[in-house]
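In the two assemblies presented below, subunit A is common to both, partnered first by subunit B and then by subunit C.
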Partner chain A sequence: MKYVDEFRDPRLIRQASDEIRRLVDPSRPYRIMEVCGGHTHAIYRFALADLLPPNIELVHGPGCPVCVLPMGRIDEGLSLVDEHEAIFTTFGDVMRVPGRHGSPLERQARGAEIRMVYSPLDALKLARERPDRHVVFFAIGFETTAPSTALTLKRARELDVTNFTVFSNHVTIVPAIRAILDSPDMRLDAFIGPGHVSTVIGARPYAFIARDYRKPVVISGFEPLDLLQSIVMILRQLRDGRAEVENQYGRTVPWDGNLPALRALADVFELRPHFEWRGLGFISQSALKLRAEYASWDAEARFAMAGVSVADPKAAQCGEVLKGVLKPHQCKLFGRECTPEMPVGALMVSSEGACAAYFSYVHRRMAAAEQAT
Partner chain B sequence: MCLAIPGQIVELAPGGHLATVEVSKVRRTINIDLLEPPPAPGEWVLIHVGFAMSRISDREAAEQLRLLAMLGEDAQAMAELDGYEFGPSSQ
Partner chain C sequence: MTTTIALPRVQAFGDVQVEMAHGAGGKASRRLVEGLIVPALMPETSGEPLNDAASVTVGSEQLAITTDSFVVRPLRFRGGSIGDLAVNGTVNDLAVAGATPLALVCSLIVEAGTPSETLRSEMLAVGEAARRAGVRIVGGDTKVVEHGKADGLYITTTGLGRVDPRARLSPAWVRPGDRILVTGHIGDHGITVLLARGDLDLAADLGSDTRSVYPFAAALVDAVGADLRWMRDPTRGGLATSLNEIARDCGLCFVLEEELVPVRDEVRGACELLGLDPLHIANEGQIVAIVAGASAESALDAIRSVRGGEAAAIVGRVDAAPARTVLAVASYGGTRVVDMLVGDPLPRIC
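What follows is the complex of A and B.
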């Protein structure tokens, strides 16, 4: 209960927590997956598990873009620097993701021209300022981020910027959820649906989870009270034997999504036949590639990239943690070889990664408690 | 990755596509093509990687700012906003 006092309204937090206790059947376990990495971060930061009965387990989902990206994609992206003297641009989260020959940040320290950008539009700006060089934008993210890449590509095409390409690692959340639902060791009872992805895709794409798999889905905001209220809504559905898509995040999530964003996605991208995810393997139609009309701006098409598969370091158990088979601290490297400062696996890199969130909040808190005794 | 930063629209740039936003006294240019109709000056939006993603109320903007502070991501959010380099001259 350490963090309760700093919540905006501790009384409402306690009410929601009490309501959860009233709703649970103590004789059965509840396994609820929070799909989004932002939720994972908030759950650890606010120690929400402490406010739940012990038979409710929150399972961390695949919604952390750098966590699910296989190492081969980083290596391929960086190969453009070595083989084509490209300037490599990407978001901050990707900079520290380990590749076989180092992370982008380490490569930058060794002299490669690698730039962190906050927006894909800044990568395009750089390309226009440096017509003598090729600039590649290493794009990553779910449907929250992909429309921004799409609009940047439309702009590049309008302006006919010929020294700019995108290496797309954009992925889509629904096929990943379906893969989890279809996996033989599936033991989930319900889903906390992602907030920001849903502002783009809407609530409608989750309907099959309730209809075909009979699992409740509640799209949630990011505040502690939002997450607890979402769990209350899930428990009510389970108690009543209902399976529905409900929206706790309010008017920012329209049923049909953000139409201009969906249009931009459809104009620029198409689904890949399959794409590799760390921990989940190859998933059909789960990622976005550039349409043929954009082949001149597609790094994979323009530089005839082969698509290599690279295994993770053997000792790291990122895949098992991603699948929920292991908790972060059960990985052999956790907190020793692999820390947020020196990550071996991608789940330790992003604040949305289960390992980084667990390390920053649970691990440090336990270490401080041990020192105090 | 999914960092969403609230910003208040100050003015729309001539020629469309872009607008000036203000957050905690920092002003920056963002792209507004994902919102239909375009936001009006005074309205609040959620910003992600340089693009306005959705319209929000004043109250939701204040809550989002507070949430970023509680998550320890407020400095990162301001660094991101401050780091946007594109603007009317580069479009």
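What follows is the complex of A and C.
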């Protein structure tokens, strides 16, 4: 298959893996954070750890929108179903995320009208087909999906659809990276920069990481060869004492980003003063809310939502895993109380979550290896 | 000397209510069946491996009996319809139990308001599929429920077959060194139905693989006899789920060579876009078979000589360890665990 097979070519992958072994200094550890959940998934899915020397540690970052969403937001979104008989629409990623009173999927089985959509435009279409009901779109994602929400809102305004609102949980990636860089337990050497987010925002917003914190950033694609090549680029920077933003994913990511998408974002959204991230706490200017012009389509403005804060289950250590302080299997609940089937924390829900990826692709092999020794 | 294999401990079903995931063919389905249904209906067999068809001895004749209900939306899709599935699904459960399908009975639950034309065309599809599979329909039942209570039409078929005495199929015969075979491209059915629902603005030149797999099963038994250890038709939950079931039932490790598994580009493409794994996607016309290493090539030749079996492949092997695990090895050397599906496959967007 074109654009896939080339990037899984065994010969090229071996070359990249050999190059990494040549570049590493065996006397020191390397801690590289892949910011994006899509990368976390790919790293486990393609078993890249098998191809890396043991002193390169990939630390999983906060770039999984479902994982960083506080539980209270799910509860609030679903409260619209109970209190306003709304039809709740969202992406497949959210369907299994646990709220205090069940996940959207569980609520659907109990009869609530909950629809999985592939695009926010499908939610708007549903609202137009069902003028008797209110349709809310539970919007989630980084800058990757936010432009499609923005365009949907523009369309809703043009068509003057009155029975449609968006409950925005869109977040922005750069403040989260800054929070990690400023955190006292920060021990990272470099970053694998997000791929899909960067197709929208470009490479410029990461400049401060190299300039102010002296850490290399390489924006990467999602195939095994992409990720290995990005690690090669990072190791070269570290070897030469450079700290730069480089773009390995040039076939998709323009340096300046996607200007029409950025314009649509700016037209519809503004930054919230602060927003709660699971594990990282409140981060200022890290999330998007609808501008006042769009208040009629803003679920938070229209339904006076209370902003409930729900603590994560006590024993769950999602926060430590999200910050890269703990590996998934080091959490007390991992694989026991918390499994992909019965997730306690969202990192076990999304296939982009570090815990779910580790559980699905690695856990049993590691457990068997430990038993054997 | 007899050796006793310790049966895996069965956990009681503690979920508060039945969710859609309990019907999706993966882990949750297994927990429901093993933790609630089997203990109530067949307490004496609790913990034993579950097969696609049950075996009943009548006189000197060993018979296989199986039943399956079909709920699919939409009723028709490229390459088939619910009528085809209802016949082929049950015929296939008999076939992978080593049986020659003899007769089916067919029960209908029809939603009031369903156009007669829809019902007629599905009944013609049932008749035609039965004719093609060489099985007679010998009876049935019809119920009508209120509008809104069923997606147009649900079909249940129950099938009876005669077990070929040469077929000695059981997880207990599987040994390290055995090979894993599939009869053709995987994932066609699941992706076709997903696209046919029309929620996704994706189109592909792809049809369901629904067909009787009896010719393949019969060819395998003919060609390698008792060296054929075990078979299953990997429907809901896909190849990954079938292999995880056999891995658990026999306690061994099943290693797939990922690039040997036949997957069409259309299916791979859709899976890449949606964040799905072709190994988790449903099939309706394939067999996954475990065959002794020495007979694997003959088994492959036998499948390939049957019409429609040209894409068959040896896709992996059985190892002793790690126990009860399915692994996939990529061509570039990475090894990952292949787990059972959790719930329905949900596309990844954000």
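The definition used in the following text is that the second predicted complex is superposed on the first by the 354 of 373 C-alpha atoms of A that agree within 3 Å, B and C clash if a C-alpha of one lies under 4 Å from a C-alpha of the other, contacts with A are read in each partner's own complex, and residues count from 1 in each chain.
Note that in this section a residue touches a chain if its C-beta (ideal position, glycine included) is under 8 Å from a C-beta of that chain, and two chains touch if they have at least 3 such contacts.
Treat the numbers as computed from the prediction; the structure is a model and nothing was measured.
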Problem - Contacts of A:42 with subunit B and subunit C, given as first, second, both or neither - result: first
Exercise for the section: Identify the partner contact of A:76: answer first if only subunit B is touched, second if only subunit C is, both if each is, neither if none is. Expected result: neither
Exercise for the section: Using the superposition on chain A described above, determine whether A:13 touches subunit B (first), subunit C (second), both, or neither. Expected result: second
Exercise for the section: Kindly classify A:199 by the partners it touches after superposition: subunit B alone (first), subunit C alone (second), both, or neither? Expected result: first
Handout entry: First (subunit B), second (subunit C), both or neither touched by A:66
Key = both
Practice task
May I ask you to decide whether A:340 touches subunit B, subunit C, both, or neither, giving the answer as first, second, both or neither?
Solution key: second
Exercise for the section: Please indicate which partner A:298 is in contact with in the superposed arrangement: first for subunit B, second for subunit C, both, or neither. Expected result: neither
Exercise for the section: Considering only touches as defined above, state whether A:260 meets subunit B (first), subunit C (second), both or neither. Expected result: first
Exercise for the section: For A:369, decide between first (touching subunit B), second (touching subunit C), both and neither. Expected result: second
Completion exercise
Interface residues of subunit A shared by subunit B and subunit C, listed 8, 41, 45-46, 65-66, 91, 93, 117-119, 122, 140-142, 144-145, 350-352
Practice task
Show which residues of subunit A lie in contact with subunit B when the two form their complex.
Solution key: 6, 8, 36-38, 41-42, 45-46, 64-66, 91, 93, 117-122, 124-125, 128-129, 140-142, 144-145, 147-148, 151, 155, 196-197, 199-200, 222-223, 252, 258-261, 264, 350-352
Exercise for the section: Write out the stretch or stretches of subunit C touching subunit A in their complex. Expected result: 17-21, 27-28, 199-201, 265, 268-269, 272, 275, 321-323, 325, 327, 330-337, 339, 342-343, 346-350
Practice task
Sort out for me which residues of subunit B touch subunit A in the complex.
Solution key: 1-2, 4, 31, 33-36, 46, 48-51, 53-54, 56, 60, 63, 66-67, 70-73, 80-81, 83-86, 90-91
Practice task
Using the touch definition up top, name the residues of subunit A that touch subunit C in the complex.
Solution key: 1, 4, 8-10, 13-14, 41, 44-48, 50-51, 65-66, 91-96, 105-106, 108-110, 116-119, 122, 140-142, 144-145, 224, 340-341, 350-352, 359-365, 367-369, 372
